[in-house]
Every structure is written in C-alpha cells, then in structure tokens.
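Next up: some structures, all given as structure tokens.
One chain, chain A, links the two complexes that follow: it is found with chain B in the first and with chain C in the second.
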Partner chain A sequence: MTDLYTDGNALAGPLREIFAVDVTAATSQCASCGQAGPVATLRVYDHAPGLVARCPGCEEVVLRLVRGPSAAWLDMRGAVFLRVPL
Partner chain B sequence: MAVVGIVTPGFRGRPRSSGPELPPGQYLTEDFPVLSAGPTPRVLTDRWEFVISTEAGQEYRWSWAELMALPSETPTVDIHCVTKWSKFGTAWQGVSLDTLMSDVDTAADFALVHSYGGYTTNLPLEDLLNGQAWIAYRYDGADLAPEHGGPARLLVPHLYFWKSAKWVRGIQLLLDDEPGFWESAGYHDYGDPWREQRYQGD
Partner chain C sequence: MARTALPGRLTWRVARLIEARDETPTARTLVLDVPGWPGHLAGQHVDVRLTADDGYTAQRSYSIAAPADGDRVELTVQRVPDGEVSPYLTEVFSKGDPVEMRGPVGGWFVWRPADTAPVLLVAGGSGIVPLMAMVRARRAAGSRVPFRLIYSVRTPSDVYYADELRRRARDDGGLDVTYAYTRAVPEGWREPPRRLGVAAVNTAGWPPDLEPACFVCGPTGFVEAVADILVALGHDPRRVRTERFGPTAGPAESPTASTAESPEANPASAAKRPTASPTEGPTAEPAPGPKEARP
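Take a look at the complex of A and B:
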C-alpha cells in the first residue's frame, strides 16, 4: 500500500488559525539534512492524531501540529528556520 | 488475559445484554483504520530484532527466531484510538511483556518504546506488566501487515492506541519519565481512554 501523505498545502488552513500569513508560501529548512524548500512541498501525514510534516529529502519530521479542543501545539524542533515572505 | 477486561460491563454492574461499553467520546467502528505519522517501514524478519535496555545500560536482545520460540498468547481485546474510533474484540497473537521482562534486572519506573522509523511513545513500566501488554505479530489469524505495524507491534490495549507502537524495535527502561512522539506534541502523558485523557491537561 502507498504511504498516506499529502503535500504541505494541507497545512494552509490549520496554520492560518495560528498565523496571520500563509505559511505554506514560507521556506523551511530541515534540521536533519539541511534541505530547504517551500512548506507546501513538505509531505504531510494527516491520517494520524496530528499533522506530521516531513522533509521530502530525508523523511525526518520538520513540523508537527496537534489541534485540541482549546489549544494547538506547534512543534518546530525539526526546522532550522521558517522564512516568511512579507 | 483477565486484566484486559478490567473494566467490563459486569464490573460496573451493568447487565451483560447491553454489550460492551465505549469509553467516553468514542464511536464504534467495524473496519480497522490505518493511522501513521510517517512512511511505513519495511522490516524483514531476518534483520528484525527487539531490544530491552535498562537504566544501567544492560541490553536484552531477541531475534525474530528467538521471539517466535517464546510461548505466545492470543489476547482478544477492545482497542480505542484517540481519534475517537474504538474496535471491539480484536484478536491478536504475541508474546507477553511479562515473558520478555522476566529475566530483566531493573529498578526503572518508566518505559520509552522505540519503533523502526523513529516513532516513540512512553508509559509507566507497570502498564507493560501483569498481563497488560504484548509484542504482537499476528492479527485476525494472519501475519501482522506492515500498515498495522508488522512484523511486530506493541499491544497495550488499556491505553489509547497511539501507545501500542507499530513496528516496535525496543523498550528503553528509565528512572524518569520521558515523553514520546505524541506526548511531546500536546497529547496526554498517560492516555487512559476511560478517563478521556486525550490532551495535556485532560
């Protein structure tokens, strides 16, 4: 069976709730392998308890987003930076 | 096996005819949804190993053949996913953690479970013992499929199913609690479905 992921555009709605900008247009750098690219090119595993965005280069986790009823947890320890065009 | 059914309809004094009950906020499903936080690891059994490491740095290893040679059990259990589906009467075959832990010398109170592919999940060591947890390698009469965690997964059905780590490769015994993959991203440290411990603070 194929792996259940979609592209980083799946992050647009969930992250718009937190940020005022469209984060999928931002560039992220993977903390594991150093590859940088648009957030929209991340591989988002969404058949899971949260959204898990992985690097298309090395498959390591770049960011995770968990949405509870009263809070969202955004974990970005897998990203060196997020470059947001303004 | 009795421990798994510790919260049975009978235990709560409800008539058995009402059938098994669901934990709060759960719905019943007949299929078996596949949840995954990453690519499915393809682990060949001739390269598979399972390692229990202690707080003192001691390691206990089993090859696939060694795991198969251990006495197995066939628990039939209800499972509860934090994404709100529950499935009743799932039939597994696997080796009890009591068997694997029987010769392990440890003073640890906590366990961090590691999977092929990098997933982790934490739980108190006592929740792995006394007939509550297995290394399961068959489901519903067949070898455990990779999408469901094969060749082997942890099965600890009294906690939300994210604790039942797919593609299990080892258990690290620890003196201090260390949060796993979901536990460090907002999910509850313990995850008791009957107390609806979904998120941190629940």
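Take a look at the complex of A and C:
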C-alpha cells in the first residue's frame, strides 16, 4: 500500500499559500510518538478531501489541511512544535 | 475571492507556452514564459491549475526540470492515462496558450550550487525531472562537486533527456550516469532487466564515508526501497532526501527491496502529486507527479 501516499513535499504549495516561509523544510515533532523530522518527510494522503499528513514513525496524524472556497483549515493538533529555519 | 497581495505570498501567475519538446512517446517538456518569475532552486516544483469553461478546476504539482533562467520555467510532464491534467498538457496545450502556475515551492528537496558534499541522485522513471534540474544547475554554476546519477527506467525508450544525458556524461567533468533497466535492456547490455538493488546502488553510488548528499525521487515504493538500501549501506538517513510521486503507472519500477504493492511505478514526475482540495474537484489521476502521479 506504499503507493497510496506521497510525502510532505506535496504540502509545499498548499502551505505556502498560508505561510510566508517554506514549511516543508521545517522540523515537526509528532505529538503521538515524539519523532521529529522535516515536514517534507511526513506521509501525505491526498485522496481524501484535503491533505492528511501522518508521522512516518507511528502513522498518527500530524497535520491536516483543507482548502475551502474562502478559507483554509489547518489542524496541527498532532504536532508538538514546528521549528522553522530562519 | 479578492486577496491582498502581500509580498512573499504565493499567488497564481499566468504562464504561456513558448516551446515544447517530446522526451518520450508519452512525456513532453514544456518551456514556459512566466512574467515576473522570482527564480527557483534545483529540485523545487510548481503547482499548475487548469480551469474548464464551467469553472471546474484541476491542480497538479510538477517538478521544474531546469535551473532558473529569467522568466523561463521548464517542466517535463508525463502523460497519465485518463488523467485530468497531463493529457491536456502533453497533447493539446500549444504555443502561446496560457496556464495558471504558482511557485516555486518546496525548500527541502533542493540542491544549491554552494553545497560542497558529493551528490548521489537516484531517479525512478519521471523522478528524473528534479534531479535533471540539479545536474543542469551544477553545470550552469560551474560547480565541481562530483555527481553520480542512477536512473531506473523500464526500457531504453523511457529515458528522458537521453541525448543530453549522454552528452553530459561525456562532457560534464565529475558527472557519472548509470542506468538500471527493469523491463527491457539496450542491445548488448551487460545484464538482463532487473530492478535496482543493493549491489547496483553500492557500486554506482558513493561510499557512506564520503558523506554524500543523496536525493531520491520517483514513485513511493521506489523511493522507500532505495532510501532503505542507502541507509542499510550506511548512509545517514539525514543525508537521504526523498520526494515521492505517490501512486502511479509508468516507466519506473520499484526496486528489489521494495515492499510496494504497485509495481507500476509512476512515470510522471510530472504527474507527481495531485493535490486535490475540496474546491478543486476530485483528482482522478493516480498521481505521481513528481505529481499527477507528481516530481
């Protein structure tokens, strides 16, 4: 089933629409298992409405992003932090 | 939807086709003019959006194939059968036609000419696209950093940029190119078709002691298998950067160590990842893409 997902690189455009910096190069820590790594390495499932990014270590949801006609919904409850290189 | 144009905010631009080249019977390079293009790094990608007369839109990500050159942006798009976007871009889209584009995006899977570590590039099918941008950027910048490229394809006719790679392997000092054929080999090839395995990566890659920067791009199964091989060979996972196209159907195939269930790796780098958002309709494509199937 590995081909059912892509990776956090695919979040670059959708997140860049919201943030002024590239978030895919940022480090996130999974709230479930504690694994930290670049957002670009998250497993991204893009077949559902919106984008669901899961931890490559434990498969728990780290981030969800849904783009509606007039707003974007970003759910980051699965991330402890984002460390953004500046 | 009026949006305030803030500096740094990602916005859609209109790109026009100025030149197209066929790379294979199913892949086409598009040279686009994008007025005001801010430049990009090798490895970055763009999002492309098509809008139908009825307002329906479809969006895909495509890797940029060449280094920054003014307002010119080159993409190579793999046609995905039954796709929503790639058949249009590869068969209908003509000189002078407009398309919406935003980018560049992605700041992790990139190579900068100032980087000094040796580089290993491993491409599966259309995963060659962002890696080709790195090969071209190296030469354009006069970098002497040694590059090794391992390019896995189904058959010799699936090789993108075939003539240019042959020429560069000869002329670009410090660039080595190795091919792995998974279904059919050229005449007189040294071995039967086989998937990329540990031995091949070990032989054609760099020893881990040299601490090379590794870039792996292709269908998800291919990428994960190659990344596993590199780590097993002793490469630090932090130096192995990956970009997955997702599901696909195309010229690349999963390497031997792959656990992928889909052997049809995706060609589409181009078609990398279809990024569907609810307002943009379903993405029917199996996505690679570097993004329609994405890459």
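Assume the second predicted complex is superposed on the first by the 83 of 86 C-alpha atoms of A that agree within 3 Å, B and C clash if a C-alpha of one lies under 4 Å from a C-alpha of the other, contacts with A are read in each partner's own complex, and residues count from 1 in each chain.
By our rule, a residue touches a chain if its C-beta (ideal position, glycine included) is under 8 Å from a C-beta of that chain, and two chains touch if they have at least 3 such contacts.
Not measured: the values here are computed from a predicted model.
Asks: Based on the superposition on chain A, does the combination of chain B and chain C result in a clash or a fit?
Replies: fit
Asks: Going by the contact rule set out at the top, does A:20 touch chain B (first), chain C (second), both, or neither?
Replies: Only chain C is touched by A:20; chain B is not.
Asks: Which partner chains sit in contact with A:52 here, chain B, chain C, both or neither? Use first/second/both/neither.
Replies: The answer is first: A:52 touches chain B but not chain C.
Asks: Determine, under the contact definition given at the top, whether A:82 touches first (chain B), second (chain C), both, or neither.
Replies: Neither partner.
Asks: To the nearest 10 degrees, give me the chain B-chain A-chain C angle using C-alpha centres.
Replies: In the superposed model, the angle at chain A is 110 degrees.
Asks: After superposition on the shared chain, which partner residues are touched by A:4: those of chain B (first), chain C (second), both, or neither?
Replies: Both partners.
Asks: Classify the contacts of A:68 with the two partner chains as first (chain B alone), second (chain C alone), both, or neither.
Replies: Touch status of A:68: both partners.
Asks: Just checking: does A:44 make contact with chain B only, chain C only, both, or neither of them? Give me first, second, both or neither.
Replies: After superposition on chain A, A:44 lies in contact with chain C alone.
Asks: More chain A residues touched by chain B or by chain C?
Replies: Comparing chain B with chain C, the partner touching more chain A residues is C.
Asks: Check the residue A:31 against both partner chains and state whether it touches chain B (first), chain C (second), both, or neither.
Replies: After superposition on chain A, A:31 lies in contact with neither partner.
Asks: Can you give the closest approach of chain B to chain C, taken over C-alpha atoms and in whole Å, for the superposition?
Replies: 5
Asks: Let me check the overlay on chain A: which residues of chain A are in contact with chain B and also with chain C?
Replies: Common interface on chain A, chain B vs chain C: 1, 3-5, 47, 49-50, 66, 68-69.
Asks: Within the complex, which stretch of chain A touches chain B?
Replies: So the residues of chain A touching chain B come out as 1, 3-5, 45, 47-50, 52, 54, 59-61, 64, 66, 68-69, 71-73, 75.
Asks: Provide the residue numbers of chain A that touch chain C in the complex, in ascending order.
Replies: 1-10, 12-14, 16-17, 20, 22, 24-25, 38-41, 44, 46-47, 49-51, 66-70
Asks: Hey, which residues of chain C end up touching chain A in the complex?
Replies: Touch list, chain C to chain A: 1, 6, 8-10, 44-47, 61, 102-103, 105-109, 219-221, 224, 241-248, 258-262, 265-266, 272-280, 283, 287, 289, 291, 294.
Asks: Show which residues of chain B lie in contact with chain A when the two form their complex.
Replies: Where chain B meets chain A, its residues are 33-40, 82-83, 118, 146-147, 162, 182, 184-187, 198-200.
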